[in-house]
Every structure is written in structure tokens, then in C-alpha cells.
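These are the structures, in C-alpha cells.
Common to both upcoming complexes is chain A, partnered first by chain B, then by chain C.
Up next, the complex of A and B:
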């Protein structure tokens, strides 16, 4: 009996050490590659959002939910991740609906151009900190590149063992705790880098969205329909990578076929008031804080006027939460 | 016996030469005005000349900055590899330049396959030839080449 107890203790200690080492080598995404932390922050939120944004960096860099709350009382959250592919958007939406049913889902259509997984690094930024679920497993299986293995995701030590030699104080400090890097999924950036030169607009072998991509767009649409959610398609006003007119035409056709609203905000940049000499932090790929606030005010107005949303500024409980968030937001913005 | 040795030496020489040629053709490269652009090699304007236009394309999550150097007839894109920028793509922008094997924008599909053969991968309008980890892609619209691009797989 004593012998079995000893073995049991050894096994437990081994498992605990293994869990600890996996946790230790996992990137913490607190000061470096902070985009990897965004997916996790949603879980801590009170789930009361009437609008959920899904998509790639064109949502998390360009839409500020707190500005939409401040100006219109809209409660929203951006569930965007770096280079979020359409099957990942589907998985994230499915997961979101386990927690809450929003009135509106806003999907950025930029990712429709990608039919295949693009980058192992981006896969990890989207998936590492996502809670384990059927959706996560499906997303991993659909996203892995040839050289990847699911064990890279299950046991971080497999993927990140080389980090043992480059652990930083962050890895110990944030072993069991972490801080938010976003404001309801919006990643603030105050830098200014004007649009100057862009690469040549290349001729493509095909401009047609592939069947696999459209099948996931269909799944997102059906998921929204089944839950009585209004699906709204948008193209954020990022000037690069080029949004070809052929892409745009297909989205318009899709939206017309299924009676969806589609807003190409790139075409509305002037009306929104975006100044590409001032309102972008990286030469036009993403808007900075100033551009994001203009866009959020413009799009918030569209949401407010068309989708029967509640003004939560009149709700004591919600307004307390959002006012606290706004206070931190304004402080970091430099307004206070 | 003497003849046999001479034949043997010629044989070795021919085999050696073809091996060297094969070695040279392992990856695609583009030559213009005596400048040889090799995919995957380090890029510097001191070596390849001052560009007409320069653009930077940062990734959306700190995965590095791709840089494009546009010249009169072609555009080079580099991608970071450690502290170096390596040639990632070479895009020919008009019909005044040819590939190393002599194909230019505006040439026919027939001319393309006559020059490069039929060992290509076709995806929609793109015909892609592969040597090791480098690729030469032709976009063919109708029967005419409308775009030519060299690129390398990145890790």
C-alpha cells in the first residue's frame, strides 16, 4: 500500500512539474507580441454585448468599442486576432455564442482572400490563449500548416522548448496573473506614420473567393440566422493589402443574395474624415487611435440608426462598468 | 589505350560541366544589367542600386517588416531574416525585361511552355515552375502572359 502511495506521489509530482514547465515556457504576450493575449481577455468580460466584431487586425486596430459606448451607448466587443482566417472567425463566433447572443455580428471581409493557412506564428497568436473547446480543436485542425502538429498546441513545451534559454522576468511575473492589453478587444496605438508609398498592385492568378472560404462564410451566416443575429459585413478602411474591385464585387453579390448589409468603409474614408497623413500608425495598414476614433464614431452612428440597439448609458450597472473602462482608456490615451 | 584515357577524361569533363550547370540552376534568379538577383540572398541597395520608390509593409503583429524596392522595370520585396533583409520576391513590371531564360510579359503561353516545359503547377491563371524552394510564376490571361514573379518559400 505504501509502495503504491509512493508511486502515486511521484506521478502527481511529475504531472505538476510538467504543467508548471508548460506554463513557464508559454509566451505571456504581455509586453511582446501582445496581440497573442487578445483572445483570452474576452473570457473575463461581463457578457452583455449587443455587437460583436470578428475578423483580423483590421477590426482590433480600427474599431474602439469604448468610443461607440461613449457616443451612442452601444455595448460591443472586438473578437479580432492577427490574420484571423475565415474558419477561425467561424470558430470564435461559435465559441462566443456559448457565452452570449448579440444582436449584431460585424464581420470584416478582408480574410476572404485567404483559402489556406498562412503562418504558423499567426496561428499561435490566435489559438494559444483560447480556452480549450471543440471549436478550438476544429480551428487548430483547420489552421495547421504541414510542418505543425496538434501537440504544439496541447503541450506548449513542444513548440516553445527553445524559450528555456531566453526566459525573461515577464515569464515569471505573469506565470499566474496577467493584465489586459486591449479595451474591449481594441488595441490602442497612438503612433503616426503617414501613407507614403505602397507596393505595386500585382496581377493575381485568380480573384475568385474559393469554395472553402465561401462555405465558412455560409456557416457564419447560418449560425447568425439560427440565433436571430443580424450579420453585417464590412471592409475596414485599410489601404493595404489591396482590396481588389473583383473582391468587392463578390461581397456585394453575396450580400445581395442573402439580404445582408455590406459597408465598404474604405470607399467612405473621406466621408469618415480619415486623414491618411495622420490617422494611421504604419503607413495605411492600420488606423491609429485618432483614425480608429473617427471610424468608430462613424460606424457607431450606422449601428445605432439601423439595428435597434439599446442606449446602455441609461443603465446604471452597465454605465458603471463602461465609465470605469473609459477612465482607464482616457488616461492611457493622454486625455487625463 | 591512349584514346580510351582521352575519352574517359572528356567524359569526366562533360559530366563535371553538366553537374556545375545543374548546381547553378538549383534556384531561380533574375538578371538585369549585369545585376544578378538571387532569391533568398541578402539585399542591399549598395549592391543592387538605388530604387525609384521604396515602401515598407509591416506585419500586423510584430512579425517583421517587408520592404519593397521599385526599379524602372521590376520590384524587389525583401523579408527579414534575423538582422538581414533577404530577397523574397522579384516582380517584373513591364515587357522591357525578360526572365533569365528569355520570357517577357506579352509572350504567348506556347512560347512559355516551349521555354520552360510542361512541368508546372497550374492554379487558375497561374503557371508555377519550381526549383528547390524557389518558384517562377506566370499569370496567363487568354493566351498571353500578363505577369511574371519570382518568389521563395519562407520559413
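Up next, the complex of A and C:
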């Protein structure tokens, strides 16, 4: 009996060491590649959002929920991740609905152009910090490139063991704790890099969205219908990558077919007031803080006027939470 | 259990391609039939015919799969059958021993198939002798806790050598050998490191094979005996790839006359044996075999005078001769070998050491693990006895630690092109 107890203790110690090493070598996404941390921050949130944004960097860089709250009392959260593919958006939405049922889901349609996983690095930025669930497993299976293995995701040490030689103080400091890098999923960037060249239309072999992509769009739509959520399609006003009119036409057709609202905000850039010489931080791929605030004010107005949202500025509990967030937001923004 | 091992082996071999199964079956059946007919009145014809058939298949694949050698056929679609060298050597040794009257033929076909098909050795050996392997191969098998633990310990050490040492060294060696501008001191560094890489890789693979066999109660002969602690090349070849060296000794060198002839003829026999051993590796290895043969032929019995110095000198000679293993052709090998003596760019190497594929932390890890490898080699018997006789708890701690060390310090996974076992290509 004593022997078995000893063996059990040894096994437990090794499992703990294994867990520790997995944590140690995992990227912490606190100062470098901070986009990898965004997916996790949602779990710490109080789940009271009436609007959820899903999509790629065009949502997390361009929409600031705190500005929408400040101006309209809208409670929203951006569950965007880098190069979020449509099946990943579906998985993230499914996961979100386990926590809360929003009134509106806003989906950025840029990812409809991708039928295949694009990059292993982007997969990890989206999936590494996501909680384990059936959705996560499906997302991994659908997103893995040929050279990847599911073990890279289950056991971070398999993927990241080579980091042992480049561990930094951040890896130890943030072993068990971490800090938010976003404001309700919005990743603030104050740099300015004007658009110098506009993208040109390159001839593609095909402009038709693939069946696989449309099937996930269908799934997202059905999921929203089943939960009485209004699905809103948008194309964020990012100049890059080039948004083809053929793509746009297909989205319009889809929206008309299923009676969805579609806002091509790229076409409304002037009306929104975006100045591409000042409001982007990387020459047109993403809006900076100044552009994001203009866009959020504009789109918040649309949401407020069309989707019967509550003004939570009148709610003591919610306003306390949001005012605290706004205070940090403004401080980092440099307003205070 | 034996039937399960046999079926599993067949499935595994077939999974690499059905042709693999056909070729090994040809070897197994021809030698089985030849062996049980060793008293037949046409036994000489049967014996020679079977030897020629099996050697021809091996030579054919060795030649046509070697770098478009002779351009005899469009060889791009021809793959060398899995483990052909190892099972051919194994069945030839068996057949010759039967005809020499050293062993009795195995009449039970399933038993014989198990001897030939037993999958662990097919990748990198060792080449088993029927006499040795049959002692435990056909025994009724019962999984024993000690065997499981000790086998796993051996496997973990093999994996450590392969993934922590050999694969880490490969990053530097590949960087140097893939760019012919790296000459002189760089080539010397690559050769010295390659000595450790090849040893860690090859012996690591053998450790896995022996460890796995141990787990299921099968004892395989050791293939290495601390070879780099040899005092000269003659001794080295008694301690390196023992199963192949002894095969060439017993089935080539001795039939050639061995040392039961004139001194000159004995030396020629040694040189011929080494040349053929070199050619077995490939046409580029001719000079490797020749140089080893000449040195061994003219070396005497080693003694312990200046032992450490002799060990170091022998290590350097062995390392220099690995040149034919790390460059793609003979001419390049000679050119690069020459550069060691003509291009004395040691300071340049020192300044660029961190640009060769490993950062400082990884170089420190490599040095530490090489020291561990050397210590284990020197004290291997003591360490083995110590570990094998320890309690289950100690063994478990050792195994757990090895797993964590391999997972953390191993060179594997995405971004690393982990090579197959080097000797699997032979």
C-alpha cells in the first residue's frame, strides 16, 4: 500500500512538473504578439453584452466598444482574432452563446475570401488561449495546416519547447497571472501611418466564395436565428486587402436572400469621416485609435437606431463597470 | 504473443508498401527452404543459388537507388525495400551457419518468419544471429514489470540521444555541410560533432530497438561498446556497429582466408572486407572503407601505453574519415578534408560560432549533454546495473525525468526538420 502511495505521489509530481513546463514555455502574449491574448480576456468579463463582434483584425482594430458605450450606452464586446477564419468565427460564436445571448451579432465578412487555413502562427494566436471545449477541438481540426499536429495545441511544450532558450522575465512574471491588453476586445493603437498607395485590383482565378465558406456562414446565420439574435454583416473600412466588388455583390445577395442587414463601411469611409492620412496605423490595413473612434461613433449610431438596444448608461451596475474601464482607456489614450 | 508480434510486424512492413512485404517474404522463404534442404543431394546448388538470389536483390536495390547510379533505369520511383540490408544479412548468416553445421535449421515456418520479420531491427539493425535471438525470441512470453521498466529506461535513453543530442548537433552540421563556403576549421568542427551525432543517432536507435525487445522479453545483442573509447581503429571496429562488423568478419573476411594465410594476404583480406563494407554503404564510401581497411590492416594489438592520447588520436582519425558521410560525393569530401589543413580559419570560426544554427543556451545544453553521453559511455555497465536494480520508484523518477528532459530540450516538432535515423538509409 505504501509503495503504491509513493508511486502515486511520484506520478502526481511529474504531472505537475509537466503542467508547469507547458505553462512556462507557452507564449504569454503580454508584450509581444499581444493579439494572442485577446481570446482569453473575454472569459474574465461580466457577460452582459448586447452586441458581439466576430471576425478578423478588421474588428478588433477598428471597433471600440467603450466609445459605443460612452456615446450610446451600448454594451458590446469584440471577439475578434488575427486572421479569424469563418469556421473559427463560428466556433467562437458558439462558445460565446454558452455564456450569453446578445441581441446583435456583427460579423465582418472579410474572412469569406479564405477557404483554407492561412498560417500556423495565426491559428495559434486565435486558439492558444481559448478555453478547451468541443468548439475549440473543431476549430483546431478545421484550421490545422498539413504540417501541424493536434498535440501542438493540446500540449504547448510540443510546439513551444524551443522557447526554453529564449525565456524572458515575462515568462516567469506572467506564469500564473496576466493583464488585459484590450478594452472589451478592442486593441488600441495610436500610431499614425498614412495610406500612401491604394491597392490595385489583381485578377483572380475565381471570385466566388467557396461552398465550405458559405456553409459556415449558413451555420452562423442559423445559430443566430435559433437564438433570436439579429445577425448583421459588415465590411470594415480597411483599405487592404482589396475588397472586390464581386465579393461585395455576393454578400449583398446573401444578405438579401436571408433578410440580413449588410453595411459596407468601406464605401462609407468619407461619411464616417475617416482620414486615411491620419486614421490608420499601418498604411490602410487597420484603423488607429482616431479612426476606430470615428467608426465606432458612426456604427454605434446605426446599432442604436436600428436594433432596439438598451442605454446602459442608466444602469448603475453596468455604468460602474464601464466607467472604470473608460477611465483606464482614457488614461492610456492620453486624454487624462 | 509470438503470433501477435509476427502479425504486427507483417502489417507494419506492408504499411510501408506491399512490395516491402514481397521482398522480405522472398528472402525468408528461399532461405527457409534452402536451410531445411541442407542435406539434399543438390545442396551446393541450392545454397549457392539462394545466396546469389538474395545478394543480387540487395545489390540491385543498392545500385539503382543510389543517386541515379549508372542511370541504368529511371530509379525515381524505386524505393529500397524496408530493412533489406538487415534482413538479407540476417538470413544469409543463418543459411551459412546451417550449411556450416553450426546451427540446426528452424523447421517451424512461423518461427522462422518471426526471426526474419521481427520488425524492430528492420530500421537500423542490429543484425541478429539466429543462435542468439532464438534463445529468447521463441520463449513463451510473459510481460514482466522489471522488463517493462528496464526496457522503457533503455528506450528513454535512446530517445534522449536521438532528440536531445543528435538532432541538436545536426543543426550545426547541416548548416556547415550545406554551404561549401564553410571550409577549414568549420569542416573540422562539423566532423568532430558528426562523430557524436552519428553515434548518438545510431546507438540511440539501437537503444530503442533493444529496449522495446526487452520490454517483451526478447534479448538482443549489443551493437555498441563505447566505441570512441577505443585505442586504435582495430579496437574501434570491435566496438562499433558490432553486429555488422562481426558479420563481415564471419561471412566475408574469414571465407576470404582471414588470417590463416600469409601476412600480406591477411592484410589484403582486411582491406577487401573494409572496401566491401564501404561499398555496402554506397559508392561514395569506397575510400572510407579503403582508408579504414589500410589503417586496420597495419595496426597492431592496442595497449594501454599513453591510453588517453591514443583514444583522442583514434577519435580524431575516425572523425576525419566520417568526411565521406557528410558530403554528397567523393571529390567534395576530399576537397573539404584538404581544407582542414590548408584553411586555418579558427579565429573566424570562433567569431561566427553562434551563426551556425545554435544559440548560446543551446550550445551550453549541447556541451552538458555531450559530457553526460561520455560519462554514461565510460560508466555504462555500472549505471545500467545501478538503475536496473533500483526500486520501481527510482526507475519511475528516472523515466519521468527523461520524458520531461526530452520534451523540453529535444529538437523536434514544427520548424525542425528532424532527420530519420542516419543508418536507416543503409
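By our rule, the second predicted complex is superposed on the first by the 333 of 336 C-alpha atoms of A that agree within 3 Å, B and C clash if a C-alpha of one lies under 4 Å from a C-alpha of the other, contacts with A are read in each partner's own complex, and residues count from 1 in each chain.
Quick note on the criterion: contacts are C-beta pairs under 8 Å (C-beta built on N, C-alpha and C of every residue); 3 or more make two chains touch, one makes a residue touch a chain.
Keep in mind that this is a model prediction, so the values were computed, not measured.
Peer 1: In the overlay, answer first, second, both or neither for which of chain B and chain C A:158 touches.
Peer 2: In the superposition, A:158 contacts chain C only.
Peer 1: Of the partners chain B and chain C, which touch A:236 in the superposed model: first, second, both, neither?
Peer 2: A:236 contacts neither chain B nor chain C.
Peer 1: Answer with first, second, both or neither: which of chain B and chain C does A:7 touch in the superposed model?
Peer 2: second
Peer 1: Quick one: is A:105 in contact with chain B, with chain C, with both, or with neither? Answer first, second, both or neither.
Peer 2: In the superposed model, A:105 contacts neither chain B nor chain C.
Peer 1: Quick one: classify A:148 as touching chain B (first), chain C (second), both or neither.
Peer 2: In the superposition, A:148 contacts chain C only.
Peer 1: Does chain B (first) or chain C (second) touch A:208, or do both, or does neither?
Peer 2: first
Peer 1: If you look only at chain A, which of its residues touch chain B in the complex?
Peer 2: 32-33, 35-36, 56-57, 61, 82-83, 119, 121-122, 125, 196-200, 202-206, 208, 240, 282-283, 285-286
Peer 1: Hey, which residues of chain A end up touching chain C in the complex?
Peer 2: Per the touch definition, chain A meets chain C at residues 3, 6-7, 10-11, 13-14, 17-18, 21, 25, 120, 147-149, 152, 157-159, 161-162, 164-166.
Peer 1: What does chain C use to touch chain A in their complex?
Peer 2: Within the complex, chain C touches chain A at residues 359, 361-362, 365, 392-393, 396-397, 400, 403-404, 407-416.
Peer 1: Per the contact definition, I'd like the list of chain B residues that touch chain A in the complex.
Peer 2: So the residues of chain B in touch with chain A come to 53-58, 60-63, 68, 70, 75, 77, 91, 93, 123-126, 137, 139, 146-147, 149.
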